[in-house]
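The same chain A turns up in both complexes below, where it pairs with chain B and then with chain C.
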Partner chain A sequence: MTFSPASVDTMVMLVAVVSTLAILSVVYRENAFYRLFEHLFVGVATGFGIFVTWRDALSENFWQPLSHGSWYVIIPMLVSLLFYTVMIPKYAWMSRFLISILFGLGAGATFRGFATEVFPQVKSSFLSVVPRAATEAGAAVSTGQALNNIVFLGTLICVMVYFFFSFRHDNKIVTKTARTGRWLLMIAFGATFGSTVMARFSLLIDRIRFLLESGTAMGHWFR
Partner chain B sequence: MSPALLRLLARSRSIDRRWIALATVLMLAAPLIWRIPLTMVPFPATVKLKTTIDAVPENKLIIVAVDWDSATKGECQPLTAAVIDYLLKNNKKFALFGFIPQGPELAQRLTEELARKYPGKTYGKDWVNWGYRPNVMNTLIAMMNDVPGTLKTDIRKNDLSKDPLTQMVPNLKEAGLLYHVSGTALFKSYLQFCAGVPLANAVTAVMGPEQYPYLQSGQTKGLLVGLGGAAQFEAVGDFKDETGAKGGEGYKGMGSQSLGHLLVMALIVLGNLGVWAQRRLDETTPPPDDEPSETPIDDQGEAA
Partner chain C sequence: MEFANPFALIILTALSALVLAFILTSTGGRELFIRRVPGVDAIDEVVGRAVELGRPILFSVGLGGIDITTLQAITVIGHVAKIAARFRNRVIVPVVDPMAIPVIEEVQRESYASERAEEAFNPEDIRFLSGEQFAYAAGVVGIMHRERVGATFFFGNFAAEALVMAESGQQVGAVQIASTPDSNQIPFFLATCDYVIIGEEYYAVTALMSRDPVLRGSLIGQDYVKVILLLLIVLGFTLTTIMGPGHFLAKWFAGSGG
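Moving on to the complex of A and B:
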């Protein structure tokens, strides 16, 4: 039995519509229909991940070289299998070799990553709070920019003082600065909350649009 | 205020969540059926992204890293579509790539769909898809030295060492721009291991506020945040949809976003009014005389 491309598209759309409705049905109440499709989603995503990992990574880096006579690729594969000795208590110590190598690699990479990620930000926080004309040392700073920089530096100092936990905040200046820092953090959390609402709405808008477009398409088929 | 009105307002504290869900769906669906004309005011970060893309020379390849999947498709697809559409329109060559299995597959389907708008745009000539690769850190470090040697083949199993587009980037430092779209924190890996590569990024709205420090420090050359970011880019890129109306996928969703936000604000006000009304009712209504003030407890510590 063969299917035309159009009928395959129709079936795919129907499956997607039923899946979307099943997942959204949890809004009404927890139900078996929702749970079935939730498990299906996890299963399909995992299966797809395994297939793509084989096709794009393992096949060309391991299987193809091996089948073309590059027998040595079996060495890293065997070494990587040492991870699974963690399941056999008698040989579990062998997995520690790999774990310790990964720890070392991770620590080194994190150190390097921290430097390349954070140092430019430290550098860019040295801002002029005084308006000035352009010089060889740097670009011009307008009055507006200088005001922006004052707000930026004030926020930076207040928030950093709030996170000084190594001494008691009993000095009046420190207490007030830390409290201002807390308020500024609240404003930032408010912005994040607003963005979260936007993010969640975007996901629902995508599904509603899909259902509306599918409804229109199906309406044409049944006409 | 009359007690009846106060009681009515106080009831707003316990509206069934299903009514709220229904109201949300209706508010979000209405602008998708009856389009609301909106004017998008682009942020400087959006304009900066367009300027950065425009400045990429013709002999340089732009890499679009698509680290998203179906879970964040609602936001990441418009963010990817806006930039890919702009690249196709302006004859910029690009490569798709990702560290999340579904990303390059979804982006490939999207690109094929967008390319139909521009006759003559074909796979292999205008764009290439390097596919998915695992292990972010090692792959990026290796790509900084040798892109075709690290990736070897594209999703169609073509040899990348012979691919004319991939030859434009012997290593990542030679890329004209790396535009990263994601709902994950993977952009940090690019910042950490791709020093010297011009980077720009787009994130889901929930991640937006934490990306601005990278923009201020110049580590990212442009930033799009959420569906609003996609709509803004469509505005600066002068996009038109299939009916000739202004904007694209992002623009269409922004009417729903606006009504949705109005609904949330109205519900917050209503909920607060409900709390206030209940407090007023508690203050004005005396407690009944026959109600016991405390449940007596017997010697064993159990309620009598």
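Moving on to the complex of A and C:
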């Protein structure tokens, strides 16, 4: 039995429509239809994850070098296998070597990240609060930009004061600055919320459009 | 690396020394002040509400692997599990990264053991769902509904799935508390959760929950680091306004000489 490309496309579309409706059905309540597709989704994603792990990690970093004679790749593989000792209570302590290495790597990366993430932010905060003409070292600052920079500096100071934990908030200046920081944060969160909700609605509209167009296409198929 | 220059080394060393100094001061027995964060006080209350309702607790550590953010979340799991164990309640932890499972299992086991409630601990409550973001979210939503969770904790790195999960928590009537350093997801938690611990407060949670002098000293040290950085920013602002953008401090921070 053979299928034409058009009928395969329609079947794929049918699966996509049913899956979409099943997952969206949880908005009403949890039901058997949702449960079935939830487990399918998790299963398919896990299967895909295993494939990606093989393709991008095991095959590329272990199997291919090994098949080309790089025998030493067995060493990190054996070390990483220690992780599976968690399954054997008697030898579970061996997995801690690996976990401690991971923790150490995480801590080291965070330390380096401080320089690579915080320093550029500090540097880009050096702005002019007065309008100025363009120079060799930087672009011109208009009156509007200068005002914007004042708002930026004020927000930065207020928000940072809000996040100081070791200072008592019993001083009027500190209390008011921290409270202003909190308000400014809420305004920023509101703006983020609004713009993201707009983006989410676009995604929903796209999905509804897909369902409607699929319905029309399948209507022709069944006719 | 652009920022690997002598200035970065001096600043990093000085700031690290500052944090270390406060840790030593704190471990030396000096009581250091840390202001209360309302969301942190609510953690015990939220666990208590789940116990009252007789429903389990769900604790999501988000999408992060074994990193600093997840480690903080795991410390909070230990605290939550300890209170839950006192009342023989369950803490269900769905994870994205299977590497986190043994660590969380160990932490939970210790928490239940410390309350002499080993029999209440079920290792199967720590569940790997999927490494894929929305499959994980679908799984968490399913667990919330089927287990009728009484309280949900969202501590860690979250992305677009944050709203999907927190909205489902609302649907099942769970008391919710969330905390993430990711400012993009905080608005969604603010809209859907009862308590939200925002931004930097996330890293203060563990120091506030425990009376561990190392954590407290570290938090205060970091506060002073922030003060220094703020002063440097104000100085940079002043210099840029007076001298233009090519001043020595900007050059030092850019790692382009100076």
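Following the convention adopted for this analysis, the second predicted complex is superposed on the first by the 203 of 223 C-alpha atoms of A that agree within 3 Å, B and C clash if a C-alpha of one lies under 4 Å from a C-alpha of the other, contacts with A are read in each partner's own complex, and residues count from 1 in each chain.
Just so we're on the same page, a contact is a pair of C-beta atoms (placed from the backbone, for glycine too) under 8 Å apart; a residue touches a chain by one contact, two chains touch by 3 or more.
Please read these numbers as outputs of a predicted model, since none were measured by experiment.
Visitor: Going by the contact rule set out at the top, does A:Glu60 touch chain B (first), chain C (second), both, or neither?
Guide: It touches chain B, and chain C stays clear.
Visitor: Touch test for A:Leu212: chain B only (first), chain C only (second), both, or neither?
Guide: A:Leu212 sits against chain B, while chain C stays out of touch.
Visitor: Give one of first, second, both or neither to describe whether A:Leu153 is in contact with chain B, with chain C, with both, or with none.
Guide: second
Visitor: Between chain B and chain C, point out the one touching more chain A residues.
Guide: Touching more residues of chain A than the other partner does is C.
Visitor: With the two structures laid over each other on chain A, which partner does A:Thr192 touch: chain B (first), chain C (second), both, or neither?
Guide: A:Thr192 contacts both chain B and chain C.
Visitor: Is A:Leu204 in contact with chain B, with chain C, with both, or with neither (first, second, both, neither)?
Guide: In the superposed model, A:Leu204 contacts chain B only, not chain C.
Visitor: Could you tell me if A:Ser7 is touching chain B, chain C, both of them or neither one (first, second, both, neither)?
Guide: Neither chain B nor chain C is touched by A:Ser7.
Visitor: Please work out whether A:Val26 is in contact with chain B alone, chain C alone, both, or neither, and reply first, second, both or neither.
Guide: It touches chain C, and chain B stays clear.
Visitor: In the superposed arrangement, does A:Asn171 touch chain B (first), chain C (second), both or neither?
Guide: Touch partners of A:Asn171: none, neither chain B nor chain C.
Visitor: Can A:Ser80 be said to touch chain B (first), chain C (second), both, or neither?
Guide: A:Ser80: touches no partner chain.
Visitor: Starting from the residues of chain A touching chain B, keep only those that also touch chain C in the other complex, and list them.
Guide: 45, 48-49, 109, 114, 116, 120, 123, 188, 192, 196
Visitor: Considering the complex alone, what residue numbers of chain A touch chain C?
Guide: Residues 23, 26, 29-30, 34-35, 38-39, 41-42, 44-46, 48-49, 83, 86, 92, 95, 99, 102-103, 106-107, 109-111, 114-116, 118-120, 122-123, 125-130, 132, 135-138, 149, 153, 156-157, 160, 163-169, 185-186, 188-190, 192-193, 196, 200.
Visitor: In the complex, go through chain C and note every residue touching chain A.
Guide: The contact residues of chain C facing chain A are 1-4, 8, 11-12, 32-35, 37, 66-68, 71, 99, 101-103, 129-132, 134-136, 138-139, 141-142, 145-146, 163, 168, 183-184, 186-188, 190-191, 198-201, 204, 219-220, 223-224, 226-227, 229-230, 232-234, 236-237, 239-241, 244-247, 249-250, 253-255.
Visitor: Taking the complex as given, what residues does chain A use to touch chain B?
Guide: Against chain B, the touching part of chain A is residues 27-28, 45, 48-49, 52-53, 55-57, 60-61, 105, 109, 112-114, 116-117, 120-121, 123-124, 188, 191-192, 195-199, 201-209, 212.
Visitor: Please name which positions on chain B make contact with chain A in the complex.
Guide: Touch list, chain B to chain A: 17-18, 21, 24-25, 28-29, 32-33, 69-70, 72-75, 77, 101-102, 105, 131-134, 137, 152-153, 155, 157, 188-189, 191-193, 195, 204-210, 213-214, 216-219, 225-228, 252-253, 256-257, 260-261, 264.
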